[in-house]
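Some notes on the structure that comes next.
Lettered A, B and C in written order, each chain numbered from 1.
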């Protein structure tokens, strides 16, 4: 399940990071390390600061105190090559942009001026489209694709610049179960092939359990991290969520099953993404 | 119909149509229609100020439209951009009404600034219009990819180091220049239609950005040519024909697209391509 | 207006008939705009709200042509425009801006035509200016009943739809889940918006119509997140600012450069703009201060 790596290389280091947004301290004194090649799940409720944390790592917002450091690199934040799949993208169905054009934007969308695209770039775009299994719909309007198809394209878009680290913000939200599994399998396969570190935020950790190495749990502005085997136990999860959560082994698969309280799905309150606001 | 003064009308309206077609594509793509309405409208107030102060209308137009662009960009960082646009626009317009109240005998000019004086263009106005147009086109080409990237997935563009606020501001300034150039020629009403309708229709006919821009330019040219010709023959105002053409091409775009997607859905239902 | 100069300003102010009419009309206009405007901003329809003022001018100029009161032209075309807006996609976030633009540009074309026909018919171009810049100090006393009636209808619609409007403005999904007929609510609101803007555009002009629709509500929503409270604050700000504008406009008959009065719309807009920037700055500074004082919750 997890990489057995004798000499893990530290990629990223967060030290005492606090971030405030519109008058509220969203993250408080967050400290953790990310090691190269790991598949990390970022778990937390809606509004717990998952997106804020990812945007801080990207260098889009800067912490009010503390440091975010990339090891073995002088480049920080924005100038670094990090792949990013933002959450909840609402593509205009009428927009004249093909799926493969969106992938190409990951390659040169930040450049100024215009130029004819090189043959090698075209081949690269083709191969990425192929790798994420999007060849069938690469020439369709991106706004007309299904949610799962759009996620595949966004993953290709994030990977085309050959990043060391890729951040995915709630890529499984609004997907049906089958698409969720497909996306997780795809990301994990591509990450392993390319030795890419993955940080993926989600409200439901079950789809990630088969591939995840580490968990970052975020709540009340604080972050706790641990190996999956340490965190995903009935005791530890129950205390994190503040509700009883059962970890079961079902035919060799680990599943997290929240306890159903009287009146329906009250347990879901503890689990991100399911709150009725 | 092709006499000397009509030639001026043909030339200048074609220049304006080309720029509007290109800039308009990004207005639609970036959902900036309100700004495309607010800047010409507000700039029109600048012309009133210029007339009162006794300076050239172009100065009033450019000062008001560029200041308006800066103000909209600045205020958009503090509040929703549609609210920012509305507030800046009414501020400019109210300044215009103030200067208008100081001047007198302006009514005729109001009409011509609103609906343009394409038949009253002099030879000397063509060169400046051409130069400003060229500048706008070069600026759009320079920012081309960032303009698209930030409109499709702003967060991802930001992660790649693109400064959203900078791109927004630059585009509003391009829009302001387009406005300054176009308002004295075709008026605030026509420039808005030329920025919106051809580009909105073009999106329906293709799924490639460069092709959409070319179609947008073509439709803008057709719109002004047809409108000028009809206006010349019928004596009805150009503005009416531009508005009618704009609505017609937009409607034809929608119809084309709905027929096409019906065919597409039908095709998909027949194949085994599920999900 | 010449005799105005000879009267003591305040006393003259309230005894002036146009002023009293303006104060009453201003009150109604500001309250309706505060009420409808709050939802206009929450629903992201400021552009539509402004456009209806310009679209209404097409109806107004058409009405002028066939000799019926302009207000009916405004209301008629704006109701139609509201329906078209809903039909071509004002509800979708990505299409909202464009849908409004398309309808506006078509209406502007019609305005060009009708104004042209108007000028042929009456050889006057003043109709253009008055449609755009209509002045609160030139409202006829006889139009007060219709102002009150149309305003009351717009407010009544918002009040009837109040709860579903709040809900569907917060979350469409939530509204759908609760079985709220989203489309009907949306159309209902557009009708209220159309009536509001028709009323304000024709009485106080397109500039003040948009300024009063968007400005006070935008300020109020900086001050509170509760919809009901925002409506009250927006209406109060609107009324006060409008009355100050009327007073200053009246007073400005003695001002340079020509002693013939500055437009009320200028004062109202300038005050609203300044107030918006000030309130926004204060709210921001307060937030920064609070962050320093308060640790993260939990």
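Keep in mind that, in the parts below, a residue touches a chain if its C-beta (ideal position, glycine included) is under 8 Å from a C-beta of that chain, and two chains touch if they have at least 3 such contacts.
Note that the structure is a prediction, hence the values are computed from the model and not measured.
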item	value
Chain separated most widely from chain A, comparing mean CA positions	C
Two chains sharing the most contacts, counting C-beta pairs only	B-C
Geometric centre: closest chain by C-alpha means	B
Euclidean distance of C-alpha centroids - chain A vs chain C, Å	45
Averaged-CA centre spacing for the pair chain B and chain A, given as whole angstrom	39
Between chain B and chain C, centroid-to-centroid distance (C-alpha), Å	25
Touching two or more other chains - residues of chain A	91, 94-95
Of all residues in chain C, the ones touching two or more other chains	94
Junction residues of chain B, two or more chains touched	none
Chain B-touching residues of chain A, taken from the complex the two chains share	55, 58-60, 78-79, 82, 84-86, 89, 91, 94-98, 101-102, 105-106, 108-114, 136, 139-142, 144, 146, 148, 154, 157-158, 161, 179
Of chain A, residues touching chain C in the complex	18, 20, 22-28, 64, 90-95, 219-222, 276-277
Footprint of chain C on chain B - complex, ascending	28, 31-34, 36-37, 78-80, 82-83, 85-87, 89-91, 93-95, 97-98, 100-102, 106-108, 110-111, 114-115, 189, 192-193, 196-197, 200, 236-244, 246-247, 250, 254
Complex contacts: residues of chain B adjacent to chain A	29, 141-146, 148-149, 152-153, 155-162, 202-204, 206-209, 211-212, 257, 261, 273, 275
Partner chain B, residues of chain C touching it in the complex	41, 44, 46-47, 49-51, 88, 94, 96-98, 100-102, 104-113, 115-116, 119, 125-126, 128-129, 132-133, 205-208, 210-211, 214-215, 218, 222, 257-258, 260-263, 265-266, 268-270, 272-273, 276, 280, 284
